[in-house]
Amino acid sequence: MIDAALFSSALGALTPILFAALAGALCQRAGVFNISLEGTMLVGAFAGVAGSWYTGSVWLGVLIAVLTGTAYSLILAVGHVSFGGDAIVLGVAINLLAVGLTSFLIRTVFGTRGTFSDPALQGLDAVHLPLVRDIPFVGTVLSGHSVLVYLSWLAVVALAVLLYRHPWGLRLRGIGEREDAAASLGVSVTRYRYGVILAGGALCGLAGAQLALGNVTLFSENMTAGRGWIAVVAVMLGRALPYGVFAAAVLFGLAEAFGFRLQGVGLPQQATDAAPYVVTLLALFISSARIRRTREST
Amino acid sequence: MKTVAVTLLAALALGAILLAATGANPLEAYQAIVTGAFGPDGFQDTLAYAVPVVGMATALAIPLRAGMVNLGGEGQLVLGAISAIAVGLHVPGPLGLVAALVAGVLAGALYASIAAVCETRLGVPLLVTTLLLSYPAMSFAAYLVRFPMRDEGSSLPQSDQLPADVRFTELAPGLFLIAAVVVVYAVVDARTPAGFETRVTGWGPRFAQYAGIDRPALTVRLLACSGGLAGLVGAVVALGFPYRFIDGALITPQYTWIGLLAALLAAANPLGTLVAAVFFAALTSGGFAMERETQVPRELTAVLQAVLIIFLAAATGLLRKRRNPA
Amino acid sequence: MTQQQPESRAVALRGIVKRFPGVLANDHVDLTVAPGEIHALMGENGAGKSTLMSILYGLSHPDEGTIELDGRSVTFSSAAQAIDTGVGMVQQGFALFNSLTVTDNVVFGAEPTRFGLLDRRRSRAAVAELIERHGLRLRPGDKVGDLPVGVRQQVEILKLLYRRARVLILDEPTAVLTPAETDRLFDVLRGLAADGHTILFVSHKLHEVLALSDNVTVLRDGRVTLRTATADTDRAALAAAMTGRDVELDKIYPTGSPGDIVLSAQGLTVAGHGKPALDDVSLEVRAGEVVGVAGVAGNGQTELVAAIAGLRALDAGTVTVLGKDIGRLAVRERRAAGLAHIPEDRVETGSAQGAKLGDNLATGFQRRLARRGWLRPGRIRDHAREIVEKFGVRAANQDVPMRTLSGGNQQKAILGRELTHDAPVLLVEQPTRGVDIGAVVNIHRQLIEYRDAGHALLLVSAELSEIRALADRVLVMYEGRVVAELTKDEATYTALGLAMAGGAS
Amino acid sequence: AANSPGATGGDGPSLVLVTPNPVGVNDFLKLAVTGIEDAASQAKGTQKVYESTDPASIQQNVAAAVRDKPDVVVAVGFNFADVLAQQAEQNPEQQFLFVDACTEKPYPNVTCAVFREYEGVYLAGAEAGLLTKSGKVGAVVAVDAPQFHRYSEPFGLGAQKTRPGAALSPLFIGGANPFNDPGRAKELTATLAGQGVDHVMGAASASGNLGVFEAAKEHGIFAFGVDANQCPASPGVVVDNVIKRTDVVITDGVTAILDGKRGETRSYGVKEEGISLTGLQPDVAESQCVIADHPDVLTQVEKLRDEITAGTITIDDPAAA
């Protein structure tokens, strides 16, 4: 029931969620509640597939996914930061727009409906880590993922360094807490918020690229299937802390992969569907109880 | 008002360009939306959408007025519906109708209260608990209608049909119920101390605490009202045609999210929420009509709607910025 | 930097006009300040001082007029540009990040880096050095949110010092400092001025202005009413220029005639970081009596009031009002039992900045204003109008958001609202912080009238003159304990100062 | 709505097709659109397609279709049972063709066309039974619901028929978007592969099945497709497909209604060739299906098909259980 394959498949499957959750965490720290992750990821997935298909290079596909995700997130940046529109409203609308837009484009760009896939479409290859691959268990778990999987782990560390070691991180945490105070010290709230939203767009582009070129090699209407929302939940569970978000995404991915296996022993699919959320809730209760206790003891 | 009009025009212009680019006639398409939403045939459809959308918008506006976001409307809605059906199938006669509605309200209210208690007792933010609790509720209802409560005659994940006397055969009763709730909300909000205290909490948590408002109690009360209303909406929809619970029927039309959009755009103001919700309902039924009447592909309707909402959000943001310069 | 021609001007504002809806906040204001000069800006609440300073700091833009720095004309479109040009400002009220440390707050926006990353050691050293040099009561690693309000103000000043601004704007920086701390700050400022820094100092306090500044400009209703060398003026002249009339300064009210005990607190203890914030504090306040609480900011005064008001849980002790034990009750029940409260933080605790003035004034009265359970907008308006008129709150109308009122007028509104409760016990914290002298006189008179009507007042103030003017009896707090109790006659500046330093027997 | 202006002579009969979901990815609905187009052009009439997204829009689209008063309203999918019953009763003049399900009560103006897809799945299972090495077969199905057990249980039965003792492991996709989640479909298939399953029935919808095929390819196992020929999507991996000739059924049904044969229930299975396997089609050689390389297997499966046609083998409908 629990073996290396379980962890390995969970790690691959949770990568899009992790990228998106990092995007959400980054925005959260700067005081932007970003729920447009789902839609931006979908647009990124489409751009990745289109890019890979037309250039014939999966790397250019990934690059195009990143650029498109960044460009798409401009809607939130302009609407929320410049115009002051409500981030939740914009986020929901951006998600709706992504579904409509990609379904529409799949017709006009690929001349097909619903799903585009082709054996000639270049996807991301698995990378076999030298040395690591030969370690029993660990090798199976850690080796053999796409480059983007490893990149997502690097992104976790990079985010932690940015937030806690880089001046930008200090500033955007400050902006998230009190934008007027940051502004009075000459830190441009607008510029930093644009920055995090656009960087979040790039991360969502990577999420989409991994989903459509790494996990599978195709684009399908609405293929994100709620992963962006799970990312939003992971941001909450991880309290927008880089390692917290990583842990939340891993917890979620494992709960889901484990749920699939539980189906095999006769649990109804509806129960295994709910499992990751219930596990997340329990984790939240436990962690907030612990935080309370440590707070009370000081 | 001028800003809103200008941005609406901009959105329509952008939509027209999109429509024209795909070879459709923008004027015809827009006309189809308007007649589809408000024409003699379409108005009925608009009302049918408006009942759940207005209901959910109001449900989510209630806690939003105090600055609390309930992201779990879907779970509360679905639980309300399935409870109403469960009761309606077993309690006959007009009593069954009332019992079903009450069951819907209670189920939604209790479920939402759990999230409230999680915040007040355990300190887990409402935003998180409401959203997370929503999924198990939906899975639970899906399980019920696939197995224990399944309609034996059908292969669909749906419950049995309600007996003939436990049904809303017309739109009117549901419409009146929801309209009554909206009126009650508006009156309570503007004219009662409880409504005032809710608004005070929305202005600032510290100020509310200082002024002696019992936030934990208020949280539970508001969430119970919010969930109860969401449950009522579920019950009303389930009691209407086709008089049964169909898995996904309350989720795919996005009543909850569209309702949340309306409530947020209107800053939970009762009248504003109503107007925004009706507008979105009209846009939905008009969109379907446009698809039927013209050559416009359905994806484009979705694009058009989303663009409109984005512009609207930006416009209201600008409006609010102007009104309260920081 | 110190060699300027005598006629050179570090700062020259010319013909500044700033309009807000319904208000002409600055009306053709001219202001010139020489390098190395300490220039005081005075005026009543709403006279336009903060507006003028935020224009100089680039936070807002004048409708007319020009700004010159060192003889060169400049236009700032943001504070960032102002900072780059060497203009720094401590704003009225706080602009701090509570979850960050003192160090992070200070270096924010101008962080020392090493290989592109934050150089924490250097930040900390720089901040520690500044703290040391200016003798502030701060530790670089403390979280600002854990600091008492008075100490937080020091962080604001530190931010400015760290930025090495050549032109320093301080908008009421001493409002929360004790006399000793104020003196220390003045030493710092004089030192900076001697270095050639230009200092613009906004204050309502006549003695501070007279003690510190080289020149004074007085604003009234957005216009300059007096521009003079400090040496050529006196308290009465300044007060007259500010208010447009003669005011009676420094009135010390005679003691009242205390009746029965109304508020009694016994053995109050509240945990803090390390040592308790409140340590076994007991006090009694009688009807018709003002009990003053003096102390250096951060010695438990804030916690004392919060614990009585119910905003902070008690770890031990009892609180009774009119014989009723309220120590474990919710805020609402305490208020119902007879408490009213004017908090020191008027921005977030005492008011809702985004809400209408009228609604702010109605808060707390919503149940009393209701008739048979129904609230009527008309009654809310009448209630608000009464307070606005009685307490002279200046606002365009009662539908404007609270935040558009000047600080002093916000304070008047809050005071009016809480006095209108007519509660037997009034907790008052810093009632005249940031309030102009005309208003101070009024507020003091109103508090004394309230006392003489038989109410019990517990007054916390960082302003010793205020304590001396109002309090019938003074308690001095030090490190969470009451270390001295003085009668009105005993409470001289010397005696208070000694006790506040923990030196009382 | 995706309505090409139909065939020429606009004076022929008018047809409206109402779908329960966007046609988009759904091969089954795409075939339905082909069917209505064929039917219109055969009868020299016109056609329109109304796509719905949810129960509320289903109801409104059927009502709108009835308001148009076409000669036949065609509805595809179980979701229409309640609406068609209601509309048929209120509009006795309107003719309906109900594909893939039937109203509970019969109506003289509702003609039903239902499928026995489990017969095809059984045959696919038989192929799997003949080809499996491990003796373990699996199914990846969109949702855990009786209707969809038609794609899992008969697959196991078919496999056991040709390979006694074969075991079936069904897994269900679920989640927020069960009919369109190739990522999850792929993970589930990989999970099955990890358990030693070497033949997987993919009933994860058209796009979901692409995930099934990718996993199968990566793990060197085989898969079966549904609704249309999915072999070209992943040659060498897809063994065969259970095809559901919605197009044929719709042209058939429309013709029957126009000819006056109304109100009956027509059932399409292997015998009627409404359900079949790609491998049993004449053009199997060009299908790119793995089964084309196993003529021996096809011979045995053809025998089984003949037995089903003759009625000597009957398969129970899992959804009716």
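Letters A, B, C and D mark the chains as written, and numbering starts fresh at 1 in each.
We take it that a residue touches a chain if its C-beta (ideal position, glycine included) is under 8 Å from a C-beta of that chain, and two chains touch if they have at least 3 such contacts.
In this text, all values refer to a predicted model and were calculated from it rather than measured experimentally.
With centres defined by CA atoms alone, the chain at the far end from chain A is C. By C-beta contact pairs, the most connected chain pair is A-B. Chain C and chain D, compared by their mean Cα positions, are separated by 76 Å.
One simple way to say how far apart two chains are is to compare their mean CA positions; for chain B and chain D this gives 35 Å.
We define each chain's centre as the mean of its Cα atoms; on that basis chain A and chain B are separated by 28 Å. Residues of chain B found to touch two or more other chains are 146, 297. Among the residues of chain A, those in touch with two or more other chains are 103, 180, 229, 268, 270, 273.
With touch defined as above, chain C holds no residue shared between interfaces to two or more other chains. A complete list of chain pairs in contact reads A-B, A-C, A-D, B-C, B-D. Chain D makes touch with chain B in their complex at residues 1-3, 22, 48, 50-51, 53-57, 59-61, 63-64, 67, 78-79, 81-83, 86, 101, 104, 143-147, 319-320.
On the chain C side of its complex with chain A, the touching residues are 59, 78-84, 89, 91, 94-100, 104, 107-111, 113, 116-118, 159, 273. Against chain D, in their complex, chain A makes its touches with residues 3, 5, 9, 13, 16, 103, 113-115, 117, 119, 211, 215-218, 220-223, 225-227, 229, 257, 260-261, 263-264, 268-270, 272-273. Of all residues in chain B, only 41, 45, 48-49, 146, 150, 153-157, 161, 241-244, 246, 248-249, 252-253, 285, 288-289, 291-292, 295, 297-298 touch chain D in the complex they form.
Taken together, the chain D residues at the contact with chain A in this complex read 22-26, 30, 143-144, 169, 171-177, 180-184, 186-188, 190-191, 194-195, 206-207, 210-211, 214, 233-235.
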